[in-house]
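These are the structures, in structure tokens.
What follows is a pair of complexes built around chain A, which joins chain B in one and chain C in the other.
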Partner chain A sequence: MNQPVAAGQTEIVIADPIAPGRRLFGHVLLAAATLLLVGTALLQVLDVAGIAPVGFLNWRPLLYAYLVWAVALGAWQVITRGYIGQRALFVLPAALFTLAVAIFPTLFGFYIASLDWNLSSAEGPHFNGFHNFVSMFHDAYYWNALLNMGFYLLAVIVEYAIAFGLALLLNAEIRARKFFRVSFLLPFMLSPVAVSWMIGKSLMEYRFGPAARLARDLGWHTPAFFAQPWTARIAIEAMDAWVSIPFIMILLLAGLQAMPKEVTEAAKVDGANGWQAFWRVTFPMMLPVSVTAVLIRVIFKLKLADIVINVTSGGPGGATDTVSSFIYRVYRDRSNVGYGTALAMFYLVLIIVFLTVLLRVTRHWTRSVND
Partner chain B sequence: METRLSTGAALEIPPAEPGISIRHVIGRVLIYGALLLWTFICLFPIYWTVTTSFKSAVDVTQGHIIPFVDFMPNWKGWGSLGLSPDTIFEISTPRTEFLSRFANSVITSVGASLLAIVLGSLAAYGLSRFKYRFGFMRNDDILFFFISQLILPPVVLALPFLVLYKDLALLDTRIGLILLYTLTVLPIVVWIMRDQFNSIPIELDEAALVDGLSVWGAFIRIILPIALPGIVAAFILSLVLTWNEYFFAALLTGSDAKTLPVMVASQTGSQGINWWSMAALSAAAIAPLVLVGILLERYIVKGLSTGAVK
Partner chain C sequence: MKPDVYNRIMAAQANRRAMLKGAAGLGALAALNGAGLGAFTRPASAAAAGLDTELRKKILQIPGVGKGSPTDADYRKVGELCLGGTKQTVKEGELKGVELTFMGLNNQNTHDFLFRGFLHPWEEYTGAKINWIDLAQADYNARLQQAISTGTIDWDMLEMGAPFEGDVCGRGLTSEMPDWVKNLIDMDDYVNYLKAPVGTWDGKLYRVSIDGDTHNFNYRTDYFSDADLAKAWKDAGNKSEWGVPKTWQEVQAVTKFLKGKQVKGQDAYGYLDAPKPWGGFGFYFLGSRASAYAKYPGEKAWLFDVDTMKPRVNNPAWVRAIQDVIDALPSEPPNQINADPNETGFAEFLGGTGSMVVWWGDVGAAAKTSDSSVVGDVCGFSILPGSDDVYNSKTGKWEKLSSGPNYAPNLAYLGWGIYVMKKVDSDEKKKKAAWSAAAHLGGKDLALWTSAYPSGFQCYRNSQHHIDEWVAAGYDKDYITSYLDSQFNSYNHPNGAIEPRIPGIFQYYSTAEDILANIFAGKLKAQEGADQIAAAWEKLTDQLGRESQIKLYKAALGM
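Moving on to the complex of A and B:
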């Protein structure tokens, strides 16, 4: 599936000669649009610096100039390159959008990370170099949050095991398969914020929640789920697992359904029992799907925030904090954009390194298992 | 393969021995037991929320669970939202607020999903059909560029966007949220749509070009209609993710563009034991997606499992 299917095989040569006048027109158009963009940017910068007070209310003109430039760039492609340019038009919008909304803000973020900037104070930003990163290394709560991420990430293995079990159940010969599949999928549809209340704040509520009542009946006399660090961490993880297990399950189920029936049957004929057949045949064959599912799950796990923010706000004593929920509070409580961004940028670098290593390791591992 | 299959079938046909059939029964019981247990785990919180929205204080504190047996349902929770039969025709501030948040959620999630479908489908079609070279970047690199945006955690973008949107006067606007939400689902749309386009034979494009359609004509009139199931799957999945988004909305909206999750979150702390109204609000917030999940489950499964099977 990952092979570029027949990419570039529509090389039907279409005679599309481009007249010199048309080409010139295209170049002039793009040059004009670029001039407009650069000019607007320059004027806005001068305006902010107070050198040339044009009186802009905000930076919107620059945004509009970028839009005009993007359209001109597309037109330039078609005008000067004809058929080839029409092809470029497919990828250009998404690329320009991603540049403007993801790449530029991320780079801008690295700049903000070097500022001492309290948004709620009247004072503007001050450049303070690497000071934010230095104080980050002394911020015990941040490192604690990173450590918690380790726990949440390890819990993905448990989520994966449960999801695999459920996928096997759904793939067995059962009646009402559709009903069970829809029921198992439903938690995935729910907003984590609603789940925070539904489960964290009411089902698990100390006095009246059914989960607390059940725990009391089972002999835990003080079922305060969010009072002790480990119970709180596990309770948060349980809610997140509840919402996300369906996702892993659906991926694994698709993998199971694509597996040829003969393979497991052959293993049975060869005298393997169900357990052996699973470990010798099903599990190795499911390895590529499993790796995909776990990787995507890990990526989403690294963003975990909503449930923590709404149920425990990171408590007790930071025990349930994720990096995202911690930075959220850093901003909400101290309005310190510079410091918060510095923490986030460091986290981004960590994520990229971690995922690159994980990708390498899993690729190596699946190859060695399948050989 | 044929012979192996037939022997396998032949082995199963002889009447099962009693020992095997008892094992079979136990196996069945275990399978259905596990299925029902997990169904309970999945559905009970939803059941609990919906029933609690019809409870009064006594029912909450005494832990009543089954309506009409344990407790008499009443409209108190929904009344506090202005959505019960007796309040629905009266003027109600909570209802006005709820409806405006609901509208914001609909507009931002549908808008972002549509925009992501347009941008993502175009890019996915291009990457599936043509060879690009942009500097050192070939098709696979461009694809990776789009998909890798998935790893960007919201927290990395949230604070820079706070500053940028302030300067662009886009804070607390729906269009501002739409742009960000589009970004968060664009990688998924590109992923699903490229898979969809790759499954459509390229001969169809060639035939359309020979018939005199332009590249874009072939795409819009021939390929797009065939790719409709993928588009629907990508759209529904985007809708689920953007409808439930909380982090950006919490930081970037204040009053005008507040979405439903932000409203739910802001009420959780303040309600105390006033569970019925929180339950009604939560139930109303999850209802649209529960319906989508029940009715359009097929498409969600299709969207999620794209790329799982090679």
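Moving on to the complex of A and C:
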């Protein structure tokens, strides 16, 4: 057996001598569990497909078979590989859980995306290959929503700039700094749905909203914030930004506070003014935090839906529609499960590709700036 | 929709005195309502109709108009007093051991909340027990469709709107109504449009109605009795008298005329459209503009060709209705394109903006009773405006009827009903329990109470049209007469535009809403957009199964 390893010593793993009988038992155990899993799945598939009435009332037995198989897999690791197998148990549950709740649903999602499945259809779901994806390429409303996402994504740059300014302000030695920190965070604590109603449907209401009245006082006689495409887009973006800028700000503030003060002080000693100190010292040093903050914000932005659904329903004429709000309508109002899933899956792939590229570019950029 | 109304009614019960004072301005109202559109039948009195007036009077005093919102105790009292039908058909304790699951809505403390109270004495008497599945309205369609699609129907009784009958009854999932229930709930008392084919499929009856729905026309009496506007109208060269529009052509003319005018120091507006999508429900509002153009007398279909399911939404009648909206929007409030029906009816019209709006009965019910309404004393009602001409889809020509303008009330949504699922048929005792509970909720006397108090349900029986009962309960006579006439004259209209109760009907509506939003935003011409809607509907029909849809559409229209 392995002995406890003293501090500073390198652990040497010696494979347990596994008896052939024990190893065989492990293999048989796993094979039996695998047979159970595959057999359960097969019976249920045959039943659901109408080939043979040999399945169960529902798919739940397959879940139980999976759990049995997962336990058998762990046991097999320990029985056949000894100590090395025990180490695998640290990772295996998490891996199997991920498989069950993330990887399998994603793959299943691609299967659903290949179905012509409208919940109201008398014929039920049936396989139609890539037809949903082909339809998607001809769906002007989906591409309009994607185009709008471009605008919303570009607006993240503005959000970042404002958030950086606020973070610098809150990092400075100003009065009531703690009060302002909490105050600036408040919008982030609000539900976007509440913001939709408080701001979009109340403050900005055309007839009696205070924002509309102020706009009238300032000379805009018909302050209909959501009647024209660009004003509506900007109004929606402003609301979303108001909620989310504090999130970027707090990440940047944490970065600023973690930054060694000696560096900025040294810059001052060397004669750098505030502008130079920011661009030559603070901004480059904050790049890793900035990239993280912007990336997280981009991910959130790509899911924008609640404010749009509540305030404009995507209008006027699709001007504020987002991919998520469009998919929401396809699902909720039109019960078009197959097509809606195809839209969501394509969007998922787009997001993964986009974020991967963005990460690589920013990593390269961060390196070059800091070098 | 309706839950708002009844909440408003209750919120305003404290204002009942103010409401009763608000009879001023209604003198002209009855004349306006009756003159143009004609009153249909109205029973003389409840006593003459052979109703149990004592019982009805008694339940209307629970808790009493102006005495605050009803509580669960009140629901139970009403349920207890209305238990007569149950006692006729079920022996005490006969259904002991039966458990039923009921799926319905929990909108703003109405629907299921009332059913629980109404059914509590029924449970005590029969011995049966009911378990509840409460849903928010937004979740209703998804829950229903998913359960049907995945074969996981976990309820025995269902509160459902008639538009979903295609999805449920059309698939043979509901239990056929036994004869003893038909006798118990007096279906002859239903308003015309809720009689068969509504609630039926292939000649079999499935539904116990508990609610009625129609769009009516709500207008401002002060606008249309304003001397300055009348003079300006004449000065503008109009030959007709200034008054409440009776056709959509007049609605358009008045809406354009009012642009830039002021009434009582405020900007005046005419008709209020509801262009913003509203989960499919917004399409009803275009339907109300289109029905007089598209619903040809004597022909049941107006949305699809019955033999092919070819959409009519791009025919000249519908395109004219779409064009009307496009033409009217510049004369409506600047933010109108972002107004959904809820905002149009409640925030705008009841808030004093605009002079004409189409809605379900909720707007009229709330006009006097809602604290936020400022138009209670100046609100009038009629059935939907007509049209000088009507499109005959068979000849492809517009026709002027010798009888005058064509009227076609949009009987939108058809109201809620109670349905029993087929799965209870295998257990006679359970089946009897389910139908007994459904009959109890669909009783004639209970119906009067639910329409007079916050419940989420409106009139659906002719016996609810006895003005004397409403007046005795505390309503202003002229006002309630005008309002109820607008409802019942729509319900019983011979040319009512019936909802196509086919599977996925809200998918059609929702798809149309997206395209209409683009039309109203100026991205598409009316005909171009209508053609897109028609193409999308054709695609949807193919996806849902054309032959099946044709069959179900015919069944829905009783053909």
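Following the convention adopted for this analysis, the second predicted complex is superposed on the first by the 309 of 371 C-alpha atoms of A that agree within 3 Å, B and C clash if a C-alpha of one lies under 4 Å from a C-alpha of the other, contacts with A are read in each partner's own complex, and residues count from 1 in each chain.
Methods note: a contact is a pair of C-beta atoms (placed from the backbone, for glycine too) under 8 Å apart; a residue touches a chain by one contact, two chains touch by 3 or more.
Not measured: the values here are computed from a predicted model.
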Touched partner set for A:Leu119, first chain B, second chain C, both or neither: both
Touched partner set for A:Leu166, first chain B, second chain C, both or neither: first
Partner touching more residues of chain A, whether chain B or chain C: B
Contacts of A:Asp240 with chain B and chain C, given as first, second, both or neither: neither
Which of chain B and chain C A:Gly340 touches, first, second, both or neither: first
Which superposed partner A:Ser183 touches (first chain B, second chain C, both, neither): first
First (chain B), second (chain C), both or neither touched by A:Ala194: first
Contact residues common to both interfaces of chain A (with chain B and with chain C): 119, 207, 331
Chain B-touching residues of chain A, taken from the complex the two chains share: 1-2, 4-10, 12, 14, 57-60, 63, 83, 86-91, 93-95, 97-98, 101-102, 105-106, 108-109, 112, 119, 165-166, 169, 172, 174, 178, 180-199, 201-203, 207-208, 210, 213, 242, 247, 250-255, 258, 262, 265-266, 268-269, 288-289, 292-293, 296, 299, 302-303, 305-306, 309-310, 323-324, 327-328, 331, 337, 340-341, 344-345, 347-348, 351-352, 355
Chain C residues within the chain A interface of the complex: 138, 141-142, 145-146, 148-149, 167, 170-171, 275-280, 333-338, 340, 347-348, 351, 353, 503-504, 506-507, 510-511, 514, 517-518, 520-523, 540, 543-545, 548
Chain C contact footprint on chain A (complex, rising order): 116, 118-124, 141, 205-207, 222, 224-227, 229, 232, 312-319, 329, 331-336
Contact footprint of chain A on chain B as seen in their complex: 1, 4-5, 7-8, 11, 31-32, 34-35, 38-39, 41-43, 45-46, 48-49, 52, 60-61, 63, 65, 118-120, 122-123, 125-132, 139-140, 142, 145-146, 149-164, 167-169, 179-180, 182-183, 186, 190, 195, 198, 202, 205-206, 209-210, 214-216, 219, 240, 243-244, 246-247, 250-251, 260-262, 264-265, 268, 273, 275, 278-279, 282, 285-286, 289-290, 292-294, 297, 300-301, 304-305, 307-310
